[in-house]
């Protein structure tokens, strides 16, 4: 089961079993965003609370999913907390670049375009590096990126609210 | 691989080893293990007979149907219409004209919604669905309801994923249509179609049976069943992709307006308007799935040569074996959704390995060359009812045997151990 | 049979004998004669590459797509999506997400009518069609117009079966959509797509191009073309039955509501309603034509290996040869509808043998093993315009050559003589 | 071309070239019925004039079609003129029985049921016998039966008018 150990690194299983930042925040003031993986039914509910400087003051994760989507969400929450929106977006780009190698092949949902997005940063990913093994299992990439896509969606919604 | 050593009384009726020879995909190995294909509820594999029937057709008799005078076109048309007659006979239809070819079961249900539903449902009306339904038998009605403003009522489900019919009469009262699955693609539960149809008839409602999961696995007689619409797909019954079936009573089809417009469904077209042709042509706009119909007829020939009764008995026995085996090997760590009585269900096992998400279960099983499907199985309302985000679904067909059930159990044990704290 | 004796300069570019080897159906004899297949405008034949690609896929990599975690399902999904990417590249689409798989071109047009049309057309609105249209690009709009009450305007045709664009600007003025064929399936006339699209754009109208007859025969670049919707079918371009394509600009698809409802096109479903997924999934309810997509990709590979430019040049040369040959052999007894200039047309010849009905022509030709199609070709408004009940249509493709044109001429002479008073 | 001579008997070609009862009748009093062969575009326009005893006083044929459909219509018109509706219906049944052998195979339009209709008569068909050869060319059967189906349709419409 060498392939499996590549996918399910110890740190992933740890985040899966002990998810960080699990829960909800009052909304408003927090922004709530919901993401679906239509392929498998995984759902994620994000609550993001920004301070006046656009720094992520708090973030909570709800919903249900597999070890990959849950651990990715957990690691993401830890990684973006205390960061500005821009920093978080750059981290998202870096993470998705790591994941993008195969996403276009199994997407069929326009994800191709995503792969072309300029990667605006090449940040250190820390624990998130553990998810690199997912790339070898293309179907699971959508699990790993679900929470990140939902975070981008939350930022887009916030931006739309601000300008709209 | 050790089947010769074990009692096979449960399923001795079908010569599964011989059947498997006909399915090239099942001959492959993965990581040195025989591939164990347990995903037929999503789509079956197909025997050489089916693939070769299509190839032979393309190589000897292919032309567009219905309009050619030359011999090749006549042959193509004859074989296409013979395929329709084969389907009609297979499901006990009164006439081949009651069989409409669609692209899949989903289109068949959309056709009923878009044609019959659009002309018969409006404000103040109600239809009845069930919590067991596949999205194919939910979303078309929700789309139509948003447009036409009628009510959708829901037959609830029991904890073990069967229909709860205790309130049936009240639910169907005043409804114009009751649309329900003959067998859940999640829990395998076989629904009490006779009872529902009788109640619907008493209430003056029509019935649509989503028979996607039962036609491939059980003998079917639509006339005896007494339903008004029956829908199913070729790809789940050893046939090719790209073809589905709507069966409907002739009088209903005759009264229904077209669904899609185009060539082949008209009597006349002028710049002022068009005159639709009779059914089934009226509902088959454009070039139909010609080679797919030939393939489907070959699939039916194959199923009939094995025997639908025999297939059903085999699956009941195999399901009984698997239920026993899984509970012996996995005990309390596994929940199997659906009826515990094998005769009340098809060979579809929705598994919940406690503490391990279905996705992860499926991933580990793939390492053991066991192919199952994780997810909501396009039945999110049922998932919600069962209180799970997803299940790991293993499903059997005529080419599966107790070896496959054993492999499933073994791989599940490995998955449990891998994810154990 | 005497091709070696005749000059073949016209078409020397394609090695038709070698190409024919790839098409088993063309190897058959009828009444001791080589079969001459001249009905590709209705549906083409297909090379072994296409049929074998599907067989190989069924035998090694088949599973339902998009939801499986196991390796076979992943392979199936990858190949299916690669097929989408192949189609996108072949037609110059900006992204694979702009390619929607349907069951045929007819469904593709119905999809645009039922989704975009239904949300954008109503009383006071107008769309523009042409007298050259196939019923597939007429009836869906008539059905929608009957429901939503908008006006349909018609671009007229000239006597020789081309579009009469003299009044184009007035016709498109205030229209929301101009839907037109890129090449008539009756007269072979290639329409001035650039001119129509420019006029439509100037008027603020969207454009739909029914490219069924051009995509198989001419290089196509939808982005360069500047249309909004382009539709075509797999079975006319060496691909299998059961698959059609809608290409549309991404922004349009994103703004359009679903057409058919079911599995695979949703983000979420509850008993209260559903949330649609992004395109193209939004428009592909149910199990898609999986093997058919693989076959279509193989067909595209084959076409590209021959070269679309080379195919076009071959067909122009062959059409020029056939037009000369037929007029030499049959003179005044034959009318050939459509432009007389080969470069202005595809290899579709609609023949009218004076005093002999198309049905009878086709019957006599079949005795000579020449396969042509009589009828209205699903273009009754055009038939009315041409003043004929039916034409005898012969159509060429990459596997036809001057021998075939000679056989056609010879058989037509026999038909004329047989029915001569 | 032996097959062809079987199909195109001399008498068929004669009726094709010199169609009997070609034309129209004023309607009313005549009943007008229109038939289409959707496969090929052939159209037939029938005018039937009945006398008070339900005898076909006059019948005229319009429309366009191939030699088979035109000659069949011509022969039909000659055969039913002067007959009662019932006699004409019986003749139709006899003719369609001769044609029905293959019609089900190529119909796909419910024509199967037709083949099961009790043949209420086995009348001498006379000239119409010449159309027997059509049975060997299944696609053409619809050409031969078009005028007969349109006649049945006319009778059905008349009956509906009478009762409705």
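Going by the order they are written in, the chains are A, B, C and D; count residues from 1 in each one.
We adopt the following convention: a residue touches a chain if its C-beta (ideal position, glycine included) is under 8 Å from a C-beta of that chain, and two chains touch if they have at least 3 such contacts.
Source: prediction; values computed, not measured.
Colleague: For chain A and chain D, let me know how many angstrom lie between their CA-based centres, rounded off.
Modeller: Centre-to-centre distance between chain A and chain D: 72 Å.
Colleague: What is the distance in Å between the mean C-alpha positions of chain A and chain C?
Modeller: Chain A and chain C have C-alpha centres separated by 44 Å.
Colleague: I'd like to verify one number: the distance from the centre of chain B to the centre of chain C, where each centre is the average of its C-alpha atoms, in whole angstrom.
Modeller: 32
Colleague: Centre to centre, by mean C-alpha position, how many angstrom separate chain A and chain B?
Modeller: From the centre of chain A to the centre of chain B is 36 Å.
Colleague: For chain B, what residues touch not just one other chain but two or more?
Modeller: 67-69, 73, 264, 266, 268, 359, 363, 374-375, 380
Colleague: Multi-chain contacts in chain A: which residues touch at least two other chains?
Modeller: 39-40, 43, 137, 140
Colleague: Going by the touch rule set out above, what shape does the chain contact graph take here: line, ring, star, complete or other?
Modeller: Here the contact pattern is something else, fitting no line, ring, star or complete shape.
Colleague: Tell me, which pairs of chains are in touch?
Modeller: A-B, A-C, B-C, B-D, C-D
Colleague: List the residues on chain A that touch chain B in their complex, please.
Modeller: Interface residues on the chain A side: 1, 3-4, 7-8, 13, 17, 39-43, 64-70, 137, 140, 143.
Colleague: With touch defined as at the start, can you tell me which chain C residues reach chain B in the complex?
Modeller: For this pair, the touching residues of chain C are 24-25, 28, 30, 35, 37, 39, 42-43, 45-46, 51-52, 54-55, 58-64, 67-73, 102-107, 109-110, 113, 131, 134-136, 138-143, 146, 152, 154, 233, 235, 240-244, 258, 260-266, 268-271, 273-274, 285-292, 359, 362-363, 365-366, 370-375, 378, 380-381, 384.
Colleague: Name, in rising order, each residue of chain C that touches chain A in their complex.
Modeller: Against chain A, chain C makes touches at 66-69, 73-74, 77-78, 80-82, 84-85, 95-97, 250, 264, 266-268, 275, 277-281.
Colleague: Show which residues of chain B lie in contact with chain A when the two form their complex.
Modeller: 357-360, 363-364, 367, 374-376, 380, 383, 389-390, 414, 418-419, 421
Colleague: Of all residues in chain A, which touch chain C in the complex?
Modeller: Chain A reaches chain C through residues 36, 38-40, 43, 104-113, 137-140.
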